[in-house]
Amino acid sequence: MPYVNIRIAGSLTREQKQKIAEEVTDTLERIANKPRSYTVISFDEMPYENWAFAGELLDNN
Amino acid sequence: MPYVNIRIAGSLTREQKQKIAEEVTDTLERIANKPRSYTVISFDEMPYENWAFAGELLDNN
Amino acid sequence: MPYVNIRIAGSLTREQKQKIAEEVTDTLERIANKPRSYTVISFDEMPYENWAFAGELLDNN
Amino acid sequence: MPYVNIRIAGSLTREQKQKIAEEVTDTLERIANKPRSYTVISFDEMPYENWAFAGELLDNN
Amino acid sequence: MPYVNIRIAGSLTREQKQKIAEEVTDTLERIANKPRSYTVISFDEMPYENWAFAGELLDNN
Amino acid sequence: MPYVNIRIAGSLTREQKQKIAEEVTDTLERIANKPRSYTVISFDEMPYENWAFAGELLDNN
């Protein structure tokens, strides 16, 4: 029952999400023996301003 | 101090959120002895396109 | 595809988890029209010392 | 590699996010010896209607 | 700054975690143009008893 | 109703958790006008092996 939450700065196209979902599901099947039909993935697309690294918001960079 | 995060595909009406919050808070009080005033719930309403199951985005289905 | 994460201070018996899972799944089916077979729930049982409320660790109280 | 997720009801200005990021990063460096360059922070700004406390949505209050 | 949280029922060997981390980091680089050095991954290994699907704890199955 | 989840590699002493909780709660009060009594914090202390950065598990370093 893997649940994978992918949080990124910015947005992804539908096509990118579909391809990432396929690959991550495949990785968990091949490496961890988790059947495809058990894997749930969610994407959180967040503004750069809502991320900080080393104390600086990402939209500073 | 239960914290419950409910993530769904699509959206909920305000009325649905209120009813779900009541019932989940009540469940935790009756079953787990957590006082009502300790339970915090958050809802994440996410596009179908941001969920994948078995390697396919939910808006495929 | 609801994903519900229930985080609590302390632990739950297996029976409490089973009952909570049933009730929350049922709530989401009745109120939000989410089919039973779409709901995934995870429980995080955490030490009281790993929670703080109003700036005080819960094991202070 | 601390990852800090700050979820709030309502929104924050960019300036508030920057100041919070600085202070939390500094706190983890001073108290927990986590180098600044290891700390990642994300902010989730959520509608009041998407939070419940004690079984009531926050926008009730 | 992708942050990926992988939550599974049961445990993984160190080797499985390393391989999954490599592949997921690579997927995000190839598909979403996220530089390797921006990707942070965390694994939560949880008892089967702490997961429910369709209202039943996973250790029922 | 801020909810702050602090996830770290390794562990913290009880004293470190108490001090971090105080400072983060204070930061949110001063900067974001969130009353002390609204802030809930949880700590996840995770093995270094359960974190990856740039495709390498943290216990490699």
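Of note:
We call the chains A, B, C, D, E and F, going by the order they appear; numbering starts again at 1 in every chain.
Note that contacts are C-beta pairs under 8 Å (C-beta built on N, C-alpha and C of every residue); 3 or more make two chains touch, one makes a residue touch a chain.
All values derive from a computational prediction rather than experimental measurement.
Hopping across touching chains, the smallest step count from subunit A to subunit E is 1.
Annotation of subunit C and subunit E: jointly contacted by A, F, touch as defined at the top.
Think of subunit E turning onto subunit F: fitted on CA atoms, that turn is 120 degrees, to the nearest 5.
Separation between the centroids of subunit B and subunit D, computed from CA atoms only, is 20 Å.
Separating the CA-averaged centres of subunit D and subunit F is a span of 10 Å.
Looking at subunit D, residues 1, 3, 7, 40, 42, 44, 51, 53 sit in touch with two or more other chains.
Chain-to-chain contact here is organised irregularly, matching neither a line nor a ring nor a star, and falling short of all pairs touching. Every pair of chains that touch is listed here: A-B, A-C, A-D, A-E, B-C, B-D, B-F, C-E, C-F, D-E, D-F, E-F. Residue ranges on subunit F touching subunit D, taken from their complex, read 1-9, 12, 16, 19-20, 23-24, 27-28, 31-32, 34, 51, 53, 58.
On subunit D, the positions that touch subunit B within their shared complex are 7, 44, 46, 49-57, 59. Within the complex formed with subunit A, the residues of subunit D that make contact are 14, 17-18, 21-22, 25-26, 36-37, 39-45. On the side of subunit B, the complex with subunit F involves touching residues 1, 3, 40, 42.
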